[in-house]
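Structure record follows, encoded as structure tokens.
Think of it as A, B, C and D in the order they're written, each chain with its own count starting at 1.
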Amino acid sequence: METKGKFDILRRKLIALFGTLTAALGVFSLRRKLASQENKETEPAPENHESQNGHKPRWGMVIDLDKCTGCGACVVACSVENNMMLGDAQLAEQGRVIRWMYLLPMIEGEYPNIRSRIMPMLCQHCDRPPCVFVCPVSATYKNPEGLVAQIYPRCIGCRYCVNNCPYTIKYFNWGDPEFPQPIPKGFNPDVAVRYKGIVEKCTFCHHRLQIAREKAKAEGREFRPEDYVPACVEACPAKAIYFGDLNDPESEVSKLAHSRRAFRLLEELGTQPKVIYLTEG
Amino acid sequence: MSMKDLMKEIKVNRRGFFKWGAISGTAATLPLWIQKLLPSPVGLKETRPKLYGEESFLPSVCGCCEAGCGVLVRVIKGNAVGIKGNPHHPVNKGALCPKGFTLIQELYHPDRVKTPLKRKGDRGSNEWKPISWEEALGEVSEKLREIRSKGEPHSLLILTGSTNKFERLMLRRFSSAFGTPNIVEVGWCFGQGMVDAASAMMGLNFNFDLEDAAFIISFGFDWLQSFPSPVEATYAYSVLRRGKPDRRVRIVHIEPHLSITGIKADEWIPVKPYTESALALGIAHVIVAEGLYDKDFVLNHTFGFEDWVDEKGRVHLGFKSLLLRDYEPERVSKFTGVDKETIRRLAYEFAEKKPSLALTDRTRFYDQMAVLSLNALVGSIGVKGGILHFDDFFPFSLPPCQQDEIARKGLSSNPITKTDGKIFPLAELVSEEVPDSILNSSYPVNAVLLYRANPVFSSPDLGRWVEAIKTVPFVVSMTSFLDETSMFADIILPLSVTLESWQATSTRTLKGVPVLSLSKPVVEPLYDTLSGVDILLRLTKSIGGTVSESFPWQDASEALKESLRGLFTSGQGEPLSEPPAAEEESWIEEETKPTLDKWFKNIAATGGWTDKKVAEKLPPLKFKTPSGKFEFYSLTLRKRLGEETPDIFCLPHVEDPEFLGELGKEVRLSVAPQGGDGKTFHLYLFVPLVFKGGEGAHLPYLQGIAGSYLSEHRWETWVEINPETADELGLENDEFVWVVSPIGRVKARVKRYVGVPKDVVAMPLGLGHTAYGRWAQYVGSNPSAVVPKVLDKITGQPLWQLTLVRIVKEGKSDGNQRQI
Amino acid sequence: MAKIVAAMEFIAGFLFVTLLAVVIPANERKVEQPLPFNHKKHVEAGWKCINCHPFADHQKFAGLPQAQECVDCHKAEMPKYPNNKKMREITELLEKEYIAKGREIPWVVVHSVKDFVYFSHQRHVTLGKVECVECHVGVDKMTEPVTKPLFPLPTYPKMIAYNQSVRKMEWCLDCHRQKKVTTDCNACHR
Amino acid sequence: MQKHSVVNEERLPEEEELEKDILRPLEQPASKKFWLTCGFLAAVFLFALIAWTNQLINGLKVTGLNAPVFWGVYIVNFVFFIGISHAGTLISSILRIANVEWRRPFTRMAEAVTVFSLPFGALCPIVDMGRPDRVFNVIKHPHLTSPILWDVICISTYLTTSCIYFYLSLIPDIALCRDRLKNVSPFKKWLYRTLSLGWTGTEKQWKILDTVLTVMSVMLFVIVVSVHTNVSFVFAVTYKPGWHTTILPPFFVLGAIFSGIATVIVVMAAIRKYYGLDRWVTDYHFDRIAAFLLALTCFWFYAMFVEHLLTIYLGEPAEMSIILARFFGRFSLMFWVMFSLCFIVPLIVLSVKKWRTIPNLVIVSILINIGMWLERYVIIVPSGINTLLPWGTAKYIPSWVEIAITAGWFSGFILLLMLFSRFFPSITVWEVKEGLHQAAQKTQPVLVSSTAKENA
């Protein structure tokens, strides 16, 4: 009798448990089903990158070191365009000033026989981006047009991508950038202001691409590659920076990219940068 | 085991387990719970003002330097949020130099002067109390009236810094209306080109026609960084390199330190500081000796090449014989440290590649002469790709100003700095003499009016200025930022920055095309500030009398429009581009009856005026010199110096005992520091592009790119030392040292740099402010403090490169030096 | 046996809490708007959204009418509704509170995206041919001003799927997927 | 095996004493000194938490990290803690499978080390993250090619498994406490009662436990290897010179076990001294484990040697710059100290029989742990400083925050161990008993006898 009662307890207990379990499983499977549905909807993957003729651009940059005078206009233009952190002496001392673009000098040899070069340095937007492979949350990824993007709200700030960037051209926000009033009034409304604890990098000013596309569409015309010009390209007084579609064999960039003077930085690593430099001479 | 104890266990465990499950579950989903239970705020906490408004691109003019590039400012809801070059502007063709992009940062700089200020504490204590414009102007005008009533208007000293041409006109007008001859321009002589030599030898202003040159050799002129008009230089460089498919122009750079120009040049030839001119004359020697020079040009268009006889029948030394006498390659090569093969090679290259161009900066007068005459020798004057000579393009003209008796009297009295033409024959007023003259001149200086002038930062041996300024009873400073000099002012009149005020300046492109850059304010003034011209207008009003009669206009735009009437009536030229479509109708009307207003409106709307036709024809080979020719032997100078001066002082030569013998006794003035011992080095100073004109240190975006060739993105003043020297001194990278000269010492960070000779240390000018906003103050140090005041005998320009210094490790004592 | 039971209890507890966490919707605070406003009435009176939100079709933002515009329009329409007291009151209020003092109406922005999002009304309204109410669901039925973001509430399981308040990227993505437009992060993030 | 024999066979005399000895500490109130130490450690830990809060508020600018040294002490600690966690599972699983006699007294504390060091190890990357609040993104939006994701998976698996493993092998002893400890606080009573899950030591229960433990041992062995391999992948898959080496994974596993064993020795020696368990943890045991340590030392050197030799032969400039920095450059001091602590000292001390005393052993083990920490530092930081492209001077000096947090984590780890030893038997009683029995009846190899029992 007693045992039976206990058995009842046990049985009810078990039933209750299994009930909850199945309910839980049900809900979750439902969720999975839902997700899978969404995936079905997305097939085939929607693309509006392609123009009507199905041509998909692959954005790339060519920097002619023979024209470049290392004046740094691109650096400042980039900073102004992208609401770059201001920095101060102390931050600079600590190596925490962020500039998506800077001038990289290479000075070799002994006085007075010196081989020297000074090259504008920015994210190389590799076709095999090392930073993308190692990001644990896909916060950085290569989009269908070859732009290597950083999605700030997704980034967890592990700095793995920065470590794996052979060019050390991604930047981490060690603290919140300080913008004393009224500096924010001058911010470019098209670009997000970054905050502490995330990684940021050159975007090839893709906010300009977003706007250019829409503009072209609104004017009811086909989007032309020349509608999209990053700030550094626009700024260069020497017109030493070219930007355009590497997939289009007719474009100036792809012509220059195949010139004899063309080389890419740390090519041997196989990162396949989309920023191509042209040697002097 | 029996069902009994199983049950027992269940009892024991049950509650426990469900509870624990729940607990761990909560732990796992904690972030979710937080998300759920904290109310998520609607909207966002703004990182910056959300701008909902239509955007527009308004033209403006960059005020960062004389070049006057045109910019387009992206304005949304009255905020300037973007900037780019004005593609229609002939000077910069849609590009900008780094400084141009920071106009916005300057506009929204947190440390601008926001209202007129009155000094509270004692001078330099930097304690101010905000006052209204009425008070401020009232006080100033009251003081000035008093000065005039005392009948000594000449005791007002006006110091002007970086101004645009129109402001300069108004300031000069003010000085003459007020009646003081003492209006002095202060500022760096870096990056102005060989203006003095040009005026002495051609009587004209000039441009380097870089773009079409076939060979360029620059004597100590870091022209990619410090060209008068940086954007044009940069563009020209790109054209020289890749512009023309068939040829790539060779560029040779001669400088004691591997500057960016040196890096980009095909050949960098290091020489001892201030021996560039010797090299130039060495090259000239070869060219003359081997008859490589342009006979036609030298024969027909120059004076003083051969020896010549004056009206009194005295025979004078000619350039040719001087060269052949003094500058044979062996001697030069010994003096400069450049072997004579190189000299020969350069000479041939320079003579044979035509048109070839030799550049130099505003260094010692005779160095400028040497390089200019080198150009003349090969006939690269007035030719495409050579040196194009022009008279200044100055379209602003106003009716002569009213002057009362006081003013005339004041103007007639001689200026404080100069007494006779013998010293500094080619200078009007010598800014570097000002402090000494304030301290001990024939008459006291009762008031100083500073207009964007900051001599306490930008001149050698700053101490003098501080002392001098302190003695002046009344100092007014018009400025946008509290700079070192303003610290000593009694009243600060805040200036609007470029984007807030009317801008008007005039230049010629390298090709000589006259350009008038003119623009409206693109944003409302952020603070209670006025543009310089507006301040002058209101000031004169309250001074009254003839002074105010000379300034009858309501505001800057009216005055500006009036000053351009002449240009309008001349009927030449046109706006930079088609005026915006918004003004379509009015534009059509204007076709029928052009009026000054419409013309002015269109020019302002498009950012300027230009006359492209000028470019087509080259300037005629006529020169505004006594001889009407290009003068190797400057008669102008002879006239000023007097008949009996030795010929050599009218000819290009090297100012060094080595070449001057007896005459050059006390010429070489560089002095080794006393106190302590140790090796001394030439201190070589240069100005990075971003600090051009002594401004730029207050803008964080500019700070970073100074000295970018050192792979150090640091905000600091560095001293470049050759690694071997550094080893001898036991100096590591980045350690702090004292750079010690007889008059002071500065702290700087060691950069071991292969680009400097062993006996030279190089330092950048532009940092080391003790005021001037949060980003400039106490960043780096100012080498001016160790440079003794040594002036060029002819132009009165300070000579920066003559200092000998010692390098002392930080912490080590170094005699009793004044610490800066 | 006992241990199995125990384990199940543990799991049950765990799941119970987790489910709760997932199912409870996030609560959103309402904002105070300065004036009463009746979308419903205006729509019924035959007004299109674009009349008062003039920028929606050619700008990133939709825009709000100035007090003056409201008043002018109300004055014109007044005769049609002789016995609409509310309307008159509001008009007077507007005139003396805002127009007289020359201030803008301090509407609180409710529908806003973070500044790292590129959102353009033009793109959706004009190019994408999306009806306003598709996103701002039910605004046309509203009798008071918008006090919290209006978005279509997801169905119950979806809410679990998003596991979040509705104003999340998944919501945009969902529509983008259905409409087969780009789902590239770069298309909106910047 | 034949644990169930414990039940039915008559108890040996030693058992009584064994149980007494081991349960004594749980009854006696702890000394003042003990609690003071605990208090101190707790204080340090709390301070670490404060430091972390500071970092959360101000961002990582409070650390000494900067560009291009993006990873520093935090990641070093991460590798180190995960490393020492390998001891437990190694000893208790592998040696258990191999049925190595001298493991018996060590297993409990070894597992404890694992279970208590892992959480701190797992915490380090979270401390290092710029946005720890987004840590769940790793699960919500996993990116399969990233080693960090694998790490998360491995480590969490490892943690749960070893916890369960630890707990299971703890059950019989808890039951023992439940039955034997009469005059202890009601809390302890309740604790033992609940945790023992009504263990009565019936034959059936033993069988279940036995099988489960055996199975898990095997599992754990696999996981152990995978975990530290993955930790090494975090570095090995990058483009960074000095990290991108094939030998790194085995090297890391080896180093992990190395430091782990050292830690166990220290802990065990301390316990033995403090609770006077000399009789059960004899010199013999320490001698054996010392020998094991010696073997590991040599292996470690081998890996070390190979790594550097190959790099030097390749002579690839970027790689060489790091090697030079380690050998003669700014890290030379650290490197050589590390080398002597991890190899030279242990080799000399351990290989000479008469020096292999317990105090020496403890000292050596401590030195080894210091050395291994330095090793991780010397692997991680130089690669940060030497970039592939020319960079201005890069430097890295840990800030007080980093130091505080490091200290805090270590003291937290020790604190947990100490408290554990207060509440639970710090020697696996039943395993030792088993040993005793086998010794008593001079068992031939265990497996055989057990199979024999099956047949019967």
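As a working rule, a residue touches a chain if its C-beta (ideal position, glycine included) is under 8 Å from a C-beta of that chain, and two chains touch if they have at least 3 such contacts.
What you see is a predicted model; the values in this text were computed from it and never measured.
Student: Please give the pair of chains with the highest number of C-beta contact pairs.
Tutor: A-B
Student: Which chain has the mean of its C-alpha atoms lying nearest to the mean of all protein C-alpha atoms shown?
Tutor: Of the chains present, the most centrally placed is A.
Student: If you average the Cα atoms of subunit A and of subunit D to get two centres, how far apart are those centres in Å?
Tutor: Spacing between the chain centres: roughly 40 Å.
Student: Per the centroid of Cα atoms for each chain, what is the distance between subunit C and subunit D, given in Å?
Tutor: Result: the chain centres lie 55 Å from each other.
Student: Please work out the Cα centroid separation of subunit B and subunit D, and write it as a whole number of Å.
Tutor: From the centre of subunit B to the centre of subunit D is 66 Å.
Student: Between subunit A and subunit C, what is the gap in Å from one C-alpha centre to the other?
Tutor: Inter-chain centre distance comes to 31 Å.
Student: Among all residues of subunit B, which ones touch two or more of the remaining chains?
Tutor: Residues 9-10, 13-14, 47-48, 50, 710-711, 713-714 of subunit B each touch two or more of the other chains.
Student: Give me the residue numbers in subunit C that touch at least two other chains, ranges are fine.
Tutor: 2, 5-6, 9, 11-12, 15-16, 114-115
Student: Specify, in ascending order, the residues of subunit A that touch 2 or more different other chains.
Tutor: Subunit A, residues with two or more chain partners: 10, 13, 95, 104-105, 189, 193.
Student: Show which residues of subunit D lie in contact with subunit B when the two form their complex.
Tutor: 133, 136, 193-194, 197-198, 200, 202, 204-205, 390-393
Student: Spell out the residues on subunit B that touch subunit C in their complex, using ranges where they run on.
Tutor: So the residues of subunit B in touch with subunit C come to 6, 9-10, 13-14, 17-26, 28-29, 32-33, 35-37, 39-44, 47-48, 50, 52, 54.
Student: Of all residues in subunit A, which touch subunit B in the complex?
Tutor: Where subunit A meets subunit B, its residues are 3, 6-7, 9-10, 13, 64, 66-73, 75-77, 79-81, 84, 86-89, 92-93, 95, 97, 99, 102-105, 107, 109-112, 114, 116-118, 179-189, 193, 195, 234-240, 280-281.
Student: Mind listing the subunit A positions that touch subunit C in their complex?
Tutor: That would be residues 10, 13-14, 16-18, 20-21, 24, 27, 30-31, 34-35, 38, 41-42, 45-49, 141, 143-145, 147, 149, 151-153, 189-193, 203, 206-207, 210, 214, 217-218 of subunit A.
Student: With touch defined as at the start, can you tell me which subunit B residues reach subunit D in the complex?
Tutor: By the definition above, subunit B touches subunit D via 1, 5, 8-9, 12-13, 16, 31, 710-714, 733-734.
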